[in-house]
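Dumping the structure here so I can ask a few things about it.
Each chain gets a letter, A, B, C and D, in the order it is written, and its residues are counted from 1.
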Amino acid sequence: MRDWRTLLSQWPVARQLQQRDPTALGSAAFSPRSRDLRPRTATADRVVRSVCPYCGVGCGQLVYVKDGKITDIEGDPDSPISAGCLCPKGAATFQLVTGAHRVHHVLYRRPHGTQWETIPLEVAMDMVADRVRKTRDETWEDRTPEGALARRTLGIAHLGGATLDNEENYLIKKLFTALGIVQIDNQARI
Amino acid sequence: MIQGSNMAECHPVGFRWVMEAKNRGATIVHVDPRFTRTSAVADIHVPIRAGSDIAFLGGIVNYIITHERYFRDYVVHYTNAAAIVSPDFQDTEDLDGLFSGYNPETRHYDMRSWEYEGQQRSPVVETHQEYHELTGEPWSEGPPQARAEHYDETLQHPRCVFQIVKRHFSRYTPEVVEQICGVPRDLFLKVAQTLCDNSGRERTSAFCYAVGWTQHTVGVQYIRTAAIVQMLLGNMGRPGGGILALRGHTSIQGSTDIPTLYDLLPGYLPMAKGQYDADFGQYAFHNTGRAGTWSSFPAYAVSLLKAWYGDAARADNDWAFHYLPHITGNHSHLMTVAAMADGRVRGYFVMGENPVVGTVHSALHSKGLRALEWLVVRDFAPTETVEFWRTGPEIARGEVRPEEIKTEVFFFPAAAPTEKDGSFTNTQRLLQWHHKAIEPPGDCRSELHFMYHLGRRLKRLYAGSADPKDRPILDLVWDYPTIGAIAEPDAEAVLREINGYTVADGKLLSRYQELNDDGSTACGCWIYCGCYAGGVNRPARRRPRTEQTWVAPEWAWAWPSNIRLMYNRASADPGGRPWSERKKYVWWDAEGGRWTGYDHPDIVEAKPPSYRPGPDAEGMDLLSGTDPFSLHADGKAWMFAPAGLVDGPLPTHYEPQESVIRSPLYGQQCNPARLEWDRPDNPYHRAYNDPRFPYVLTTYRLTEHHTAGGMTRWLSWLSELQPEMFCEVSPELAREKGLRNGGWATITTARGEIEVRVLVTDRIPPLRLEGRTVHQIGLPYHWGSRGLVRGEAANALLPFVADPNVSIMESKALTGNIEPGRRGRGRRVVTSGPIVPPLDHDGAPRDLRPPASGAGSGKRPRER
Amino acid sequence: MIAMGAKGFFTDTTVCIGCKACEVACKEWNQLPDDGMFFTAMSYDNTVSLGASTWRHVAFIERPVPLGGQTTAHGISWLFMSDVCKHCQRAGCLENCPTGAIVRTEFGSVYVQPDVCNGCGYCIAGCPFGVIDRRAGDGRAWKCTLCYDRLRGGLEPACAKACPTDSIRFGDVDELRATARARLEQLHARGVTEAYLYGEDAARQPGTEGLNAFFLLVDRPEAYNLPPDPVVPTRKIAPAWLSLAAAALGMAAAAVGAVASSQERGHS
Amino acid sequence: MSDRGSVAAEARTAGEPRHVDPEVGLLVGEAAQQRVPAERAEEGAPPYAVWDRSVAREERAAADTTYYDRPVIKEPVWIWTVPLYFHAGGAAGAAAVLGAVAQGVERRRLGRLVTRCRWMGAVGSALGSGLLISDLGRPERFLNMLRVFRPTSPMSVGSWLLAGVGALSGASAVLASSDGLLGRAGDAAAYGAGLLGMPLAGYTAVLISQTAVPAWQEARRSLPVVFMGSAMAAAASLLALAPLGPREEDAVRRFGMVGQIASLAGMLAVEREVSRIERVGAPLRRGPVAALWNAARAAEVAALLLSGFPGRSRPRRTAAALLGTAAALGLRFAVFLLGRASARDPRATFHQQRAGRGAAEVTGTAGVASPAGDGGEAATSAEG
């Protein structure tokens, strides 16, 4: 008997009568999902403070993580810079970092090749290190042809950095300078 | 006042505060060739011809001086207006567009005549090397002087800076502004008046700019002109004032502070110069200021070398100074790419950048990439730069086949900011730490990981080498702890090194004043010293804005010394009292005997306003208690720059490299010191009136995309908002050329040809110049051949030509042509042969320079 | 039907900068797919209208006339308006929905329950603002939920949170009305005399009895693609029911008459 | 170039329209389950074309502003099965009524008609339900139509009516040959079906009138007459296709002719109503909708004339029945297409409301929103 009543009370028409809701525009018509609806951020394992990776304003972001995956990225209301706001690009950060466009493996194109090949990261790192050493050794100049001090290579150049962390730029400048690479430039020049 | 920036579109959240100010009664002025989303909400929009901003701002300078609207107390005490300049100085007014000292052979200035009277050398650090390079003379004099010898505080002396500025800008009348900029006289006067009405003791006005000012062959001087306006009005170092550079990338400020730039070491220390810096002594000697912050240069430099080379940097080996490579001129990006195209560069790293779309002259870039032996690109997805061999326009047209390209290409997938710890430095010098949220997927790694492990490999490869050239690698301090299964280096350990520590016991330093030149301290970037003070990661501080003052000093950390507003000493009068209660910010607390206020004071805290340096004073002590601008050796803001700039001590209007009009001011059409690349694959149009290219082109960004699009064109949520490359033209031009809204058009310059969709709009108004109508064409530049949405890259149209001070390209004003319809496969680029036939008669030369008069040479300059 | 303490939006178009942060923040939070990538040549509007997968939409209106209080050289203006579901006090979609998929929530908002909707499409025709829509391939009707899930957790809707210039304000509708009226006075005082409120209450928009998401506009509603005098269709329907009743009775009478008057000529 | 998937990770997430990689990001938001066809082409062409009119100031200066001529309301998404349902459901309702009346008046003599009507009510309802279900975006959820009873929603009311008529007609049809208690139950069910059939026959007119579509809204007084008449004609035409007794045939003929006359009269009234606003009535004056509308009317008149002429030839009756069916169907489709055309035209809505026929018509207040100093309201009172 109770089963029957429980079952019946799941039928909104019955609730409509029970709750004297003749128009059934409100709660009588709610589904169990709607009754239990909560923001997905409420169930996040952790919230990580971050900074928007696009322009130079530096808006605060909150990254919500569940099961090692990102569920949401939105503005950090505590930030005196952005007060929780984001522009369209900042608001799309979730898609930037979780997007299907991201490649997860090293791609290699051999000289005169017509296709990309996938190669392991460690192999690629070794190959790059070899090429850096070879090029550096072959193009090293202690002095310029005019006789000025050089202690450098003009065979290798670098570009980039405006979207990288300070710590990363520091290692770039530190290592490349130690290698004698001087043609280092970035977006700030552009 | 927003000029040279489309702030609402490019920095919407920064613009939040502009709208907040507007809501509280501020007047927003937007000066821009286009009626943009910024103009739409501004109180006043001033349409200006792209590339004429100096004339507009010069007009304001002239207005301020002739109407005596300048803030006299501020000007006299805080700027160099009263300083007397060398009698050898000659102005552009005297030399038809050139300053004294120009050498048409080298196209460089000898800057000695620009200096203060009685001064042998100018005090600014950064430019001594330039000085030597340009004059070709070795440095032999003593340390630079600190300040002008003579001042006239009545500002009446004919050679005082104020009078020079007054004379120089007197030419920029409202009529001339109208003539050059196309801005109606009344509108100009309204802006000038509004600006003056909102400056002074009770009020301040701010300028916001971005690459609309920098990307010109006179870009630095654009900003200088605004600086002169702000100095005259007393708007520097005060709340609500200043000149705010709106930087386009999340850590582009950080990448200049810790520079991935060819000419700087961390903390704006210059790179060693091959010709002059033979040893550390020379290097320090050339760069140490006599007064001000730069007087401690040796401490900064030694601490950097200690941080890099550790025990190998000793007093007895010159702090391993000889480990540093030397530069011998300009090695900037465009120079490098030109060298690359000529086969002189073999290997190229590109990290998080897409130069084929993002910089100028895509075809020349591609040519350079084809000439490489190897290319390493790190990004989220393969960009046009890394796919140049597969999807470039030359490949699509069949002009070049992939099989012919020898370049070996590596694409490394990058970790996202959410997958790594680290700090970004934003446009207001704020270091903000972002925390790792998740592990990077697959083989995606941070640049920190890439660089660290590349360094370890190279150390292994060079292990045991006895070659002295390999010592810097072997001795490099490279022992960062790693975390987790992927051996990610600890970013906080790197930040601690950047912050600096005592060599003896590894104690973290708390301020850059603790740095020593005796090798007892190590510091990776002196201006960042203090960011890890007390073992606290200060960039990671996140005290909510609601729980602190409006200055929010406990949110993250600003360099230097957590000062949020630089030069804030200027917010108080010479006596140390706020200029007004309304604009109170930092002031002298007489009872406490120290500076205090809402922010960290940007002056030695215990130095009273009454302090005057004694005869034996050195370094910081040489600055008095009324000198707010401590990075300058005289503590003053410079209306007239006796040094520091290679194209003139004062801004002067020059036409862009490619213009629609002859300069109405001088015989000298363009910036005489600009950088040109005179090569067949980089042709220029005529300087003006080129019949083949009658329209003004200007490039820009949209809110919905980010620069070269690497972080937006692959995202559906953004791509759907601006799904295709287009140009913006006026209805008048559309009618004239038969362009249909939504249809196709082909845009041509001597460098390349692109096809784009057409958006007809009143927002790109034609200008009336010299009695004729001049049409402008607007080009956003976000698209390329890859991504969810495609389009041809506007920058394929641009030439290599740059500002001489900073080597930044000119992309905001040039000339071009437009025709309706698509070009299909007939599209060409200049690297595959000329696009347009050269003109067979020499109606107007490529450039015009005046007959040499005071410039010291009777030879006529090159004309193209 | 006036929900006490109803929540809603006040969208002040005079501070909108057309950045579309609201569109993307909405897509991000609700994880909506894109609506296709088509260049429309309609100013900077490439998403065209609200729809099943676009729950905030920014309209771009280029006008050959200046805006009050603004100085320009060419006498033009450019208006932006972030459009959204109005969460009408009397909602056409809600009253049309036959399944109870669309409900009035405790926040006074109108919510489509995606687990209930069977895609009959009646709500789509019932909306006087053209808000709600169905997407081919999915089959259900979708529209702005006023971030019902977020409200349940005490969070404000994603668009209002992201909006850089506070053009979109979220709060109690009563308070928003006061804010809006104060803002209107301020604008009038500053020379933006054309400013007016759209749909802020039942007096101003009787056809819907007021909108929980209302707007401050400076041009005719038509310019923003808003109806000038919208009405929930239910309010106009009584004559149709009467007409139906009459017709039904007429039919019954006709049936009686037809049957009664019919003749069996075949037998006669 | 078909190089999209060659290197990127799109293969991992093929068919995921958010372009989000489930290895990195969780898709659990409100619309995370919104489905999009893998091939976008299946959604049809984009709902908008490039705006090809110049936005030059002269052209935009016109007072008759729209937003790039884009529709202000959404076009109804219903497919062809819906007007077909109008026909089937209407016929079922009318048949149920006719059957019930016949049963009450002269059960014994009109037995075949009664049974036929019962079956027609049952089959029409079932067929109608099928047509409606096939129009649903989520047909598997058709039972949700009976989840609540919403008196505000003609579709909800109609669903219950349809279910009622279907069930009662079905029962009465099955029990038509039963005697005794079952037979009496069948009769009772048929009466019930007849009662519910009265609104069922024409409620769809109310249903479409209760929309934001200007033409349907404007025609709300006369559309029920058109639909009711059309339902009668449809039922009569269908019943006339199969042989009945002479008296039964005569009853059906008379019933149908009344319906045809009513529907023709209703059409005139509809034309008058929608033409009050020039722009609302425009689709009925020219174009494909007008053609269909006029063809339906012509067929209706022809059918009426054929039915009304004296004489009882079988071919003529069949021709009249076919013409009547075609007319009824054509009319439903014409009304349906009229609504869609009207919804596409933003000026239909704007002009209707500016003319005081928006909310003002029922609220009695001039609610038209306009900037201060705008001529809109004055124009409204002048026009309205």
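By definition in this document, contacts are C-beta pairs under 8 Å (C-beta built on N, C-alpha and C of every residue); 3 or more make two chains touch, one makes a residue touch a chain.
Model, not experiment: these values are computed from the prediction.
Give the fewest steps needed to get from subunit B to subunit C, where each step moves from one chain to a chain it touches.
So the least number of steps between the two chains is 1.
When the contacting C-beta pairs are counted for B-D and for C-D, which pair yields the higher total?
Higher contact count goes to C-D.
Whose C-alpha centre lies nearest the centre of all protein C-alpha atoms?
Chain A is the most central one.
What's the distance between the Cα centroids of subunit B and subunit D, rounded to whole Å?
66
Can you compute the centre-to-centre distance for subunit C and subunit D, using the mean CA position of each chain? Integer Å is fine.
That pair's centroid distance is 24 Å.
So what's the Cα centroid distance for subunit A and subunit D, whole Å?
50
Between subunit A and subunit B, what is the gap in Å from one C-alpha centre to the other?
The separation of the two C-alpha centroids amounts to 27 Å.
Which subunit B residues touch at least two other chains?
Subunit B, residues with two or more chain partners: 12-13, 16, 381-382, 390, 438, 441, 703-704, 714-718, 721, 741-742, 760-762, 788.
Listing for subunit A: what residues touch at least two other chains?
12, 24-25, 28-29, 40, 69-70, 72-73, 77, 85-92, 94-95, 97, 99, 101-104, 107, 116
In subunit D, which residues are in touch with two or more of the other chains?
Within subunit D, residues 7-8, 17-21, 23-24, 28-29, 50-52, 55, 57, 147-148, 150, 152 contact more than one other chain.
Within the complex, which stretch of subunit A touches subunit D?
Residues in contact with subunit D: 11-13, 16, 22-25, 28-29, 40, 66-67, 69-72, 94-95, 97-104, 107, 116.
Which residues of subunit D touch subunit B in the complex?
Per the touch definition, subunit D meets subunit B at residues 1, 3, 7-8, 17-19, 21, 23-24, 50-57.
With touch defined as at the start, can you tell me which subunit D residues reach subunit A in the complex?
6-10, 12-13, 16, 18-26, 28-29, 146-152
Show me the residue ranges of subunit C that touch subunit D in the complex, using the header's touch definition.
29-34, 36, 38-43, 45, 48-49, 51-53, 59, 61-64, 76, 92, 95-101, 114, 116-122, 124-142, 145, 148-149, 188, 193-196, 198-199, 203-208, 217-231, 233-237, 239-241, 243-252, 254-267
In the complex formed with subunit C, which residues of subunit B make contact?
Interface residues on subunit B, with respect to subunit C: 8-9, 12-13, 15-16, 19, 23, 35, 37-47, 183-184, 187, 190, 702-704, 716-724, 726, 741-742, 757-763, 765, 788-789.
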